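Order of writing sets the chain letters: A, B, C, D and E. Residues in each chain are counted from 1.
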Amino acid sequence: MKNIYVSYGKKKILNDISIEFHPNILYGIIGPNGVGKSTLLNVISRDIPMNSGEVLLKGKQLGDYSQKEMAKELSYMRQSTIVKFPYTLKELVSMGRYAHDSMSREDNDIIINTRIKENDLSEYCDKPLTQLSGGEVQRAFFTKVLAQESNAILVDEGLSNADIFYKVRFFKQLRSEVEKGKLVIMVIHDLSLARKYCDELIILNHDGIYDCGKSEEVLTSQTLYDVFKVKGDFFNHSLVLE
Amino acid sequence: VQTTGDSEIRFIDDSGVEISLSEPAKKVVSLYSAHTENLFSMGLDSEIIGVGTSDNYPEAVLEKEQFSYKDDPELLIAADPDVVIARTMIVERYPDYVKAIEDAGIPVINLYCSKFDDFDNYITRLAMIVGKDAEGEALLENFHSQIDEIQKKGEGIDPRKTAYFESIGDKFKTVTQDSFAGKALTIIGLNNIAQDIESDGSATVVEFGEENLLSKSNEIDVYIAQEGTMNKLISVETIEARPGFSQIKAVIEGELYIIDEKLISSATLRYLDGLKELQNKIYGV
Amino acid sequence: MKSKWINLILIIGLIGLGLFAINVGKVNLTEIDSEIGKTIFYKIRFPRVLAAIFVGSALGSSGVILQGLLQNPLADSYTLGISSGAAFGACLAIYVNIAFGVALPIQILAIVFSYVVIAIVMWLSRVKGTLDSANVILAGIIIGSIFSAGISLLKSLADEDVVEMVYWLMGNLASKPIEKVCVVAVITAIGYFIASRYMEELNILTLGREEAKSVGIAYDFVYRLLLLTAVTLTAFAVSLCGIIGFVGLVVPHLCRIFVGADNRKVLPMSALLGALFLLLADTITRTVLQHEIPVGVLTTMVGGPFFIYIFIMKKR
Amino acid sequence: MKSKWINLILIIGLIGLGLFAINVGKVNLTEIDSEIGKTIFYKIRFPRVLAAIFVGSALGSSGVILQGLLQNPLADSYTLGISSGAAFGACLAIYVNIAFGVALPIQILAIVFSYVVIAIVMWLSRVKGTLDSANVILAGIIIGSIFSAGISLLKSLADEDVVEMVYWLMGNLASKPIEKVCVVAVITAIGYFIASRYMEELNILTLGREEAKSVGIAYDFVYRLLLLTAVTLTAFAVSLCGIIGFVGLVVPHLCRIFVGADNRKVLPMSALLGALFLLLADTITRTVLQHEIPVGVLTTMVGGPFFIYIFIMKKR
Amino acid sequence: MKNIYVSYGKKKILNDISIEFHPNILYGIIGPNGVGKSTLLNVISRDIPMNSGEVLLKGKQLGDYSQKEMAKELSYMRQSTIVKFPYTLKELVSMGRYAHDSMSREDNDIIINTRIKENDLSEYCDKPLTQLSGGEVQRAFFTKVLAQESNAILVDEGLSNADIFYKVRFFKQLRSEVEKGKLVIMVIHDLSLARKYCDELIILNHDGIYDCGKSEEVLTSQTLYDVFKVKGDFFNHSLVLE
């Protein structure tokens, strides 16, 4: 993945925002509620149309990709997903492999099982999703996204219900994907984790992009006050509130 | 229903209701085509102020005002007839309609005749309502003398052919012996292949069955199908085209006849025409 | 506020149309014998207009309740097999009357079988788990289709007499005796009254069983009560005049387009609009057309395309 | 594994029942003229058994597709108005034939109108927004009920000739010409083949439009293709033998109880079970009962209670 | 609210757990995914039945309360709620007032509006819930629970999607409820916030209750390692990972 240039304007919610994402980097997007973080990811994933502007992926217009090509380029873990049919965890993860139909069934199966194991979900393999706890469901969807093995991974607060152990594990997994040359963009509300694990942060406020750059540099006490209206500081990446 | 003591006309209608009219009806609405036809046969015309929506015989009927039991009763009430002659189906299935008319002071009489042997009783009562007792008797006399004539011809025929009567094609249904059509076969000199068939209850239409019919392919010399509301959209071609029917002797030999339901299954004088037509076509007499 | 104005307009429209409807018909009353004219006015037209109003509002109200309870845009009295039950009862009565020459009351059997259906549905969805919409719907479809098959069975047994069952099922408002109309009117009024007390609860029920209980709803009780109310409204309406399908389905949708999802607003508007709609359709079939077509047919032929229009205009 | 065994049993059962069915009937073939016996065997029983098998599997398969696409346990060919469209086409042909004495082919009109319905439904749900289940269902109900009303209108216009329509609508498998059965067989085979290629996609579609697109599904294309396949399966089946309602609704549910939600497993099992079920029902009505009842009636009367039993046993 | 004694055994998930909750205290429940935190709250709220054991509320069996009494005693914000009908935010919050039908409509309305304002949601009053962002929906449900004004408040990860400003605000609101004599029990995965704002913590692991007591005392580096399998320490209540 060479070059992504994002520039679009959506009235009210997203106003004339331009960002460039590069591979090999773990991006974090932070900002107050309702600022348009999910909207931004939805535009990149083609979930919603933009009013004007354009999104280029590897120099090519987003609209020019077929759905399958798109799936190989991009996977997306949404903020909330409703599971209507009681698919088992394994079935869900297998769905993530849909775009890789050129691969043999056995090879696909190996990847699926590896990913499930990686996330300690083996014991829930054949359990319907409707019978898992909140955190387990999130981990299942995360596993599916990883199994998709796309060049870019978008995550919208994918670990909000996971316990601290898996939160850390998530980041480690994402880090190893990034090191394989991938691009990860994640929306996150846990500022401590964001600062510690993300390479670069994009900070949105209601006017647009407040700042972006290296995590430690942009997420400061001042930012905290300007954007989130809380007083606090970071100690060893951890947010300490006054 | 008026129940004045000195009424001249008293009988029990087919709902089991005792009817008594103080004088013959001068303004009649007939809601059933057979009633209409028979009333005309007794010489009535101007007395009939209304008929059913599907009545079309004799031609004079077409000029009459039409009433439907599916419409609002206000039209019929406004026409203010002395009596409404209906049939069992209407009385049982549209009790609200009947009640509304009766509540407006118009008697509704139920007559219905589906069996050959009930014909006399039916005509007699119909005639009583309109005070045409003599005409009714004449009608019956004419009817029976013609029947006897046809029957005599039929008895003379030898060898008798065996026939199947199709009542509802899709369902391979035939008729019972005591129905008009069932009786017709015997009168004109045919053996009914379904003569053992029994009705469960009062129905005159009974199932014969597809395989049963085909298994008797070799014995059916004549195949008669009635065409009418119960058996629509049939023709010699459609019957011949039914799977396996090309095997039936009657089909092979071209003895396949279609006859109007009104001429073979309904309690009117046209029944005689139907008998003659069939007898003529089959036996050439 | 807005919904109050709409309701006011609907009420005025309903009264106006009612007065108009009762004064028109195939027959011009001023031209005929005044005795007969009176009979027609009081015994024929008045009950009919009344029946249209009350049946319309019964169907409109029960549609609101059922769509709320089942949380499904598909839901109307067909979904739960109530109409099938009523129709089965009616057909059974017709069949038995013909076959055995007795005189079972069609209306009463229709009502009884509506309750039979809902009793089975409720029992079944209890056995299956909780009394929630998914279970109730599933049970409803099954029971409904069994009773529909029962109707077909009766039809095929009835043979030539089938024509009559078909007409009963199609539903129309002609020649209803005033006493029966009054029964339906009273039941509709009571049913509507009960329903209107529980519309806040119905709103909350749509959050789901657990959430509803959390805020203090006696879930099972309210669910049952509302279900019974809807069944009663439908059963009596159907028993009087057969099946008139489109009103209960579309009228509530239409109202929601105007006043949003709040059932407290949707219910009265739906009852009024249902009444107006059915009265209009019935008046048209009664006066304009040469031979009446079943009013249920007309409501659908008129209401359907109109609904499509609104549906498209609203965009989403 | 488990589902393979079930399918094997079903196949064996189907073959066994097929052989049995073709050898029994109201008439004992060994006792009659062998020429006539042959006719009955080849021209009556063979097409009928074949029709039962293919119509059954067409209905079973289309049920799976529709329930998946619409994500609604209520969904069957009725939901989208497909059956109503087919029935309307057939009734229209019957009516025109009677009224104007022409000879429109009933089958072909039934098929044409199924497609008309689905074309309108698809257009409507596009206009309304995205091609998702909520929109498609809503459009389907509306169009379906308009066409149902159309049927009622035709019925009331046809007056006494209504019997013909009623019989057609009730659906049965008797006396179907072998050529028409073959057409349905071929269409069913093709439809099934196409459907079976897209069951993985159907699984994923149930995650919703966005999720499905994310993993690489060409959502709108797949949705349309599957919808058309389901319509085609239903339309041809219905055009051959009228409406047989319960199979498409219940058989897929039944299968899901055994093999879970994975449509790749549900589809073949549902096709087999549908075939077996319809063949069984038809054989019973053809041989055991003194008077045939419409097979759709029997499937429901047998399938319904059986389904209830399974439903209760599964508890949840 | 005097005395709650919880003791029940649910096979596999919750095994013979007894806890006593007292008013005037903000309890936090923490533990790894799938340990049974949501299950515990579901039992207290009567969402699911227990296999054996009993829950006493003010010395009275839970089953003896009518649904309305129950609603006045207890409100519950679930981990995930599906909104099917597009109710507006205000309609949702009003539903929380259902049990208070003895109060006049105007009084109820005042409370509702106050609560909405308190959570900065006034501008979304007439917006359908389906058009709100993830964090806004959570805040709406939180507002509903507050509006219910019950004696006890259960919250299951109610602030996972809220931004840091509202997370802090949530705790302040809960604190002020506690000070009015109420009891708050909340499940939370953010250990820093849990340690900072909860009075007492109940720490669950797969064997049952690992420990409970004053926040600072029980949530230590050791606990972190034993229960969550991560290494780290707390600095000024903030978790600092190694």
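Following the convention adopted for this analysis, a residue touches a chain if its C-beta (ideal position, glycine included) is under 8 Å from a C-beta of that chain, and two chains touch if they have at least 3 such contacts.
Just so you know, these numbers come straight off a predicted model, no measurement behind them.
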Subunit E and subunit A - chains in contact with each: none
Chains touching both subunit D and subunit E: A, C
Most widely separated chain from subunit A, with each centre as the mean of CA atoms: B
Longest centre-to-centre distance from subunit E, chain (CA-based): B
Between C-E and B-C, the pair with more C-beta contacts: B-C
Centre-of-Cα separation between subunit D and subunit C, whole angstrom: 30
Separation of subunit B from subunit E, taking each centre as the mean of its C-alpha atoms, in whole Å: 80
Interchain centroid distance [CA atoms averaged], subunit B/subunit D, Å: 40
Geometric centre distance via CA averages, subunit D-subunit A, whole Å: 44
Numbers and ranges of subunit B residues touching at least 2 other chains: 53, 70, 230
Two or more partner chains touched - positions in subunit D: 156, 160, 163
Residues of subunit A touching at least two other chains: 82
Every chain pair meeting the contact rule: A-D, A-E, B-C, B-D, C-D, C-E
Of subunit C, residues touching subunit E in the complex: 71, 200-201, 203-204, 206-208, 210-211, 213-219, 260-262
Touching residues (chain side subunit D, partner subunit C) in the complex: 72-74, 79, 124, 127-129, 134, 137-139, 141-143, 145-146, 148-150, 152-153, 155-157, 160, 162-163, 166, 170, 245-246, 249-250, 293-294, 296-301, 304-305, 307-308, 311-312, 315-316
Interface residues, subunit E side, partner subunit C - complex: 45-47, 66-72, 74-76, 78, 81-88, 91, 95-96, 98-99, 144, 148
Residues on subunit B engaged by subunit D in the complex (per definition of touch): 53-54, 70, 170-172, 207, 209-212, 214-215, 217-218, 229-230, 232-233, 241-244, 247
Parts of subunit B lying in touch with subunit C, wherever the complex brings them together: 53, 68, 70-75, 77-78, 80, 89, 92-97, 99-100, 103-105, 168, 173, 201-203, 205, 230
